[in-house]
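Chains here go by letter, A, B, C, D, E and F, matching the order in which they are written, and residues are numbered from 1 within each.
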C-alpha cells in the first residue's frame, strides 16, 4: 500500500456507491465537515457497511443511562488496549467534543486510572477492558462491582456491547490499515470560547 | 444467574418479539429443529439483534472463494483462542455438518496445526488468529503469506472480517454467559450413512 | 510426518514389545475395545512407558476423596489450558463416561467457570489451573481457598499432582504430535438408555 | 508452614519408609553426603515417589548422545523459565559438577543465550524451552532446526522428554514449597585443584 | 492524592530548591514558557533530579547520527508500550515540534508500523521496543538488522540507551502519578504558518 | 562478539579514561579487589557513566529506613524478573555480603515468596516487582499495602526508584551483553568464620 493511503483496499468513488450509502456519507459530511475514513473505507463492502453502522447506531445512539461521552470513553479505552490508531484518534476527537474536556481522550487512551473521571466511570472502564481483553473470566463479581456504582444490568450490557463492537471495529481498522483523517487529530483540543 | 440458564439476561417469549425477529427464529427452528440460543438470547435487544445477524449473514452467506466449511473453521479456531464456549460448540457442530468431517471441529478448536486440513487452510487460520489476537502487528508480510497460497486480497478481507466479527460475538457470549443448546454437542459427530 | 499419523515417531508392533507392555496394551484393549494411542506411541520407549503409567496409576487410580470424574475434570481443564488435543479428546471421553454427563467435558475444556459443576469443583479447578500455569505464585492463600470448600491438604496434593503430571503428559503429546483415536471423539456423548 | 521447612507437607522419618525407598535414600546419601530434599519430601507418597524416580532415571541415566551435563542444562534452563527454586539450585549444583564449569549453572538458569555453551547447545535449549513454554506450537521446523545441529529425532525426544518431566517436577516443587538443601547452593562452585 | 495533583508526592516551592535546580527550572521555563511537571515533581529529591537530568542530557542532547526528532520517536514509542501518560504527552509535544509533523506523535505512540516514517526509522523503533519489552532476547541478529539500515553500533547504543533510560523514566512517572502539563496536549498540533 | 567478551562494545583502557572515571575505578578496585565489569563497560561512554553512577549512588548509598541489604534485595528480585545475568550475579554477591546470608540471593532472584525474609520484606518486593513489570497499574492500594507494613511514602519512593533505576540498568546490561566478573559468582557464599 502507498504511504498515506487511507486503506489497504480500494476506496470507492462516492458517486459509484448505492444510494443509501451515499446518503449516509453526505449526512456525516454535512455534520462533520468531512467524511471520516471509516465510512469511505468500509463502503468497499456495502452489505458489511450497512450492518456495521446499524450496529454502531444501535449501541452509540440509543437511549440509556450512559452519556454519549461515557460511551466514547469506552471506545477510546478499549481501542487503546487494542492499539487501534484509527479508533483512538477519531473517537478521541468525538470524546473531546462530547465531554468538552480537551485532555480527556489522551488520558483515557493511555491509562484510564490516571484520567480526570469519576470513580464510577473508572469502574465502567475496568469492566469494558475486561470484556475487551479477557472476556472468558467475566463472572458475577464483575457485575456486582458495577452495581456498587449504580449501574444496572442493562447498563452492563451497554458497556460490554460497546467494548465487544469495538473489538470488531479495531480489528477491521488494523487489518485494512485504516488511516485517521488529519482533521481528527486536532478536533476539540481547544474548548470553544477560549 | 441460575444454573443451566441460557443467559445472564432475561430471555424474551417468542410471541412478544417483533415480527421480523419472530420470523427469523421460526425460520432457523424449521431448518435446525430447534432455536439456537444465540437467537433467543440476543433477541433481548431487537436493534442489536438485527444488526448482529445482518453482519453475520453478510460474512457467512456471501459469495466468495472460501467454502462454507472454511468460514466455520475460522469461527471455531478464533473462538477457541477466545475461550468462547457457545461459539466453539455451536459453530463446531455447523463445521462438522458442512465439512462432513466429524473430527474436524475439535481439532480446529484446540490446535489448527494438528488438524486434518490443507496447508492452505492452515495459512488461512494463521491469518485469522493474528487478526483475533494481535491485529495491530498485521502487515504486508501477512497478506503476502496468504497470496502464496492463492488467496486474493478480497479473500483476506473475508478471513479477517470473520475473525473480527467473532471477536465481537465471543465477547458478547462470554459476557452474557450464553449457554450452547444441548443439541449442538452431538450434531454431526456421526457421518450420515455410517 | 504423514497426515493422520498417530505420532511423529515410529510406532512399535505390539508383538515386538516387552511382555509387560504387551500385557498392559491387551488389558486396555479388552476394557476399551481399542488401544488408545497414548499406549502405542509411548511404547516407543519402554522404560519411559513404564514410569509414565506407574505415575498415572498412582494418581488416577488411588483411593482418596476426589471422585474419578473429578480427577478427569482436572486433566481436561489443564489440558485445555495447554492446548493438548490428545488429552482433551481422550480424557474428555473418559470424563463423559465417569460423570455420565455428555456435555461436561467440552464445558470444562473451554472454560470451567461456565461448566455444570459445583462451586467446590470450581475451586478445585482454579487450584489445578494455577499449578498448571503459574505454579511459582502458589501460596498459603491457595491452600486456604481449598480448605474453605472442605478439601484437605492431601486432597490439595492430589489436585496439584494431577495437574503437574498432565503438564508432562500434555508436553509429550504435543511434542510427538500424538493423535487421538477417532473413537474418543464420540464416546460417552449419548448417555446410555437414551 | 514454618520458616525453613523443607515442604508444606509432613516429612517422613526414614525408618518409617518402605524398604526400597529407604535403600534409595541411603544410596543417594552415600553418594552425595546428604539426602537431597526431593527424596525426603516426595517420600510422603511412596507410589508417586517410585514412579517419579523411575521416570527420572529413565531420562537422566539412559544411554544416548546427550552428555550428562547437557541433560542437566535442559533441567536448569527450563526450571529457570518455571521459576522453580529447588530445581534451579539442586540441578544447578549437579550441572556445575558434571560440566566442571563453576559459572555455567547461573548463566543457563537466567539466560542461555549468554551462557558459555556451544551454538549446538543453544539450539538444544531453545527446543527445550519451547516444549516447556509453548508446546502446542511445536512443528516440523523445530525438529529441522535440531537436525541442522546434528541432533537425531531420538535426541529430540530426549530433550523434549526431559523438559516435559521437569514441567512436572517444577510444579510439584513449587506446590509443596520444596526447599533446596543448603549444601546445593555452594557445591561445585570452586573447581577441584584450585 | 487529590484530583489533578501533579504528583503523589509533595511538590517543592521553587524558592526552596538548591540554586542549581532553581537555575535549571528557570532555564526551561524561559525556553518553554512553563515548567514541565517532570522538573518540579522530581525536584522532590534533588540528588536524583541531578542524576536524572544529567543522564537525560547525555542521551538526548549529544552529538550523533540520530536526529533530535528520531530520539523523541524512541521516547514516544517506548513510553506508549509502557502506558506512561506523562511521557507520551510531553515527549509527543516535543516530537511534533522537532519533526514539524503534527500527526506523528499520536501515530508513533499507538503503533509505529502505521506511522508516516521511513523503513529505517521503523527498524530503529523495532530495536528500541525490543530493548523496552524483552531485552534478555536481544542478540546479534538485532544488531545486524540495524546495520542493514545503515545504523552503526554506536547508533545502536544510542537507540537502546534511550529506550533503557525511559524504562526508568516511565516507571518513575507511573509510580508518582506524574501529571502532564495541560500545555503539552496541544503544543505543535498546528504547524506554524498554517 | 567473541566468547567470554565482557561487552559487545569496545572496553576502554583505564589509562585512556578521564581522571574522575579512573579515580572511581581505582576506588572500587581497592574496595572489591577487582573492577566490576559494569564500570569498565559503561566507561565506553563517559557522560553516561557519570550520570549512571550518580544515580546509583543517590539511590543505593543514601540515608533512609531501608537497609543496604534490603536495597540489594530489590535489585536482585527485579533483575531476576528482567532476566539480567549481570545484575543477578553481581548484586546477588553484594546481597550475600550485606545480609551475611549465603542463600538469600539465589532465593530472591528466583522467587521472593520462597525466600528467608520477613513479611515486610515480601511486601517491599511485591511493590518493587509491580513497578518493574506493570507500573501503569500502580495505585493507592499499592501504597496502602506498604503502609500496613510500616513503610512511609518516602520509603515507597526509595523502593520504586530502585526498581526503576534497575529497569534501566538491566536493559543496558542485556543490550551490551555485559558479562559478570567470575569473582561475583562465589563471593559471600561461605559466611566468614565458617
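Methods note: contacts are C-beta pairs under 8 Å (C-beta built on N, C-alpha and C of every residue); 3 or more make two chains touch, one makes a residue touch a chain.
Keep in mind that this is a model prediction, so the values were computed, not measured.
Undergrad: Go through the assembly and pull out the chains touching chain D as well as chain E.
TA: Shared contacts of chain D and chain E: B, F.
Undergrad: Chains shared as neighbours by chain B and chain E?
TA: Intersection of chain B and chain E contact lists gives A, D.
Undergrad: Which one of the chains is farthest from chain C, going by Cα centres?
TA: E
Undergrad: To the nearest 5 degrees, please report the angle of the rotation taking chain A's Cα atoms onto chain D.
TA: The two chains, chain A and chain D, differ by a rotation of 180 degrees.
Undergrad: From the centre of chain B, which other chain's Cα mean sits the farthest off?
TA: F
Undergrad: Would you mind pulling out the distance in Å between where the CA atoms of chain A average out and where those of chain B do?
TA: Between these chains, centre-to-centre, one finds 24 Å.
Undergrad: If you average the CA atoms of chain B and of chain F, how many Å lie between those two points?
TA: So the centre of chain B lies 51 Å away from the centre of chain F.
Undergrad: Quick one: chain A and chain E, Cα centre-to-centre, how many Å?
TA: 28
Undergrad: Which positions in chain D touch two or more other chains at once?
TA: 83-84, 111, 136, 174 - these are the residues of chain D that touch more than one other chain.
Undergrad: For this structure, give each pair of chains that are touching.
TA: Chains touch in the following pairs: A-B, A-C, A-E, A-F, B-C, B-D, B-E, C-D, C-F, D-E, D-F, E-F.
Undergrad: Taking the complex as given, what residues does chain B use to touch chain D?
TA: Those in contact with chain D are residues 111, 113.
Undergrad: So in the complex, the part of chain B that touches chain A is made up of which residues?
TA: Interface residues on the chain B side: 1, 8-9, 44-45, 47-48, 50-52, 54-55, 58-59, 62, 82-84, 131-132, 135-136, 138, 140, 143, 153, 156-157, 160-161, 163-165, 167-172, 174-176.
Undergrad: Which chain B residues qualify as touching chain C in the complex?
TA: Residues of chain B touching chain C: 3-4, 80, 83-85, 88-89, 102-103, 106-107, 109-111, 114, 116, 174, 177, 179, 182, 185-186, 189-190.
Undergrad: Help me check something: in the complex, which residues belonging to chain C touch chain F?
TA: Answer in residue numbers: 136-137, 139.
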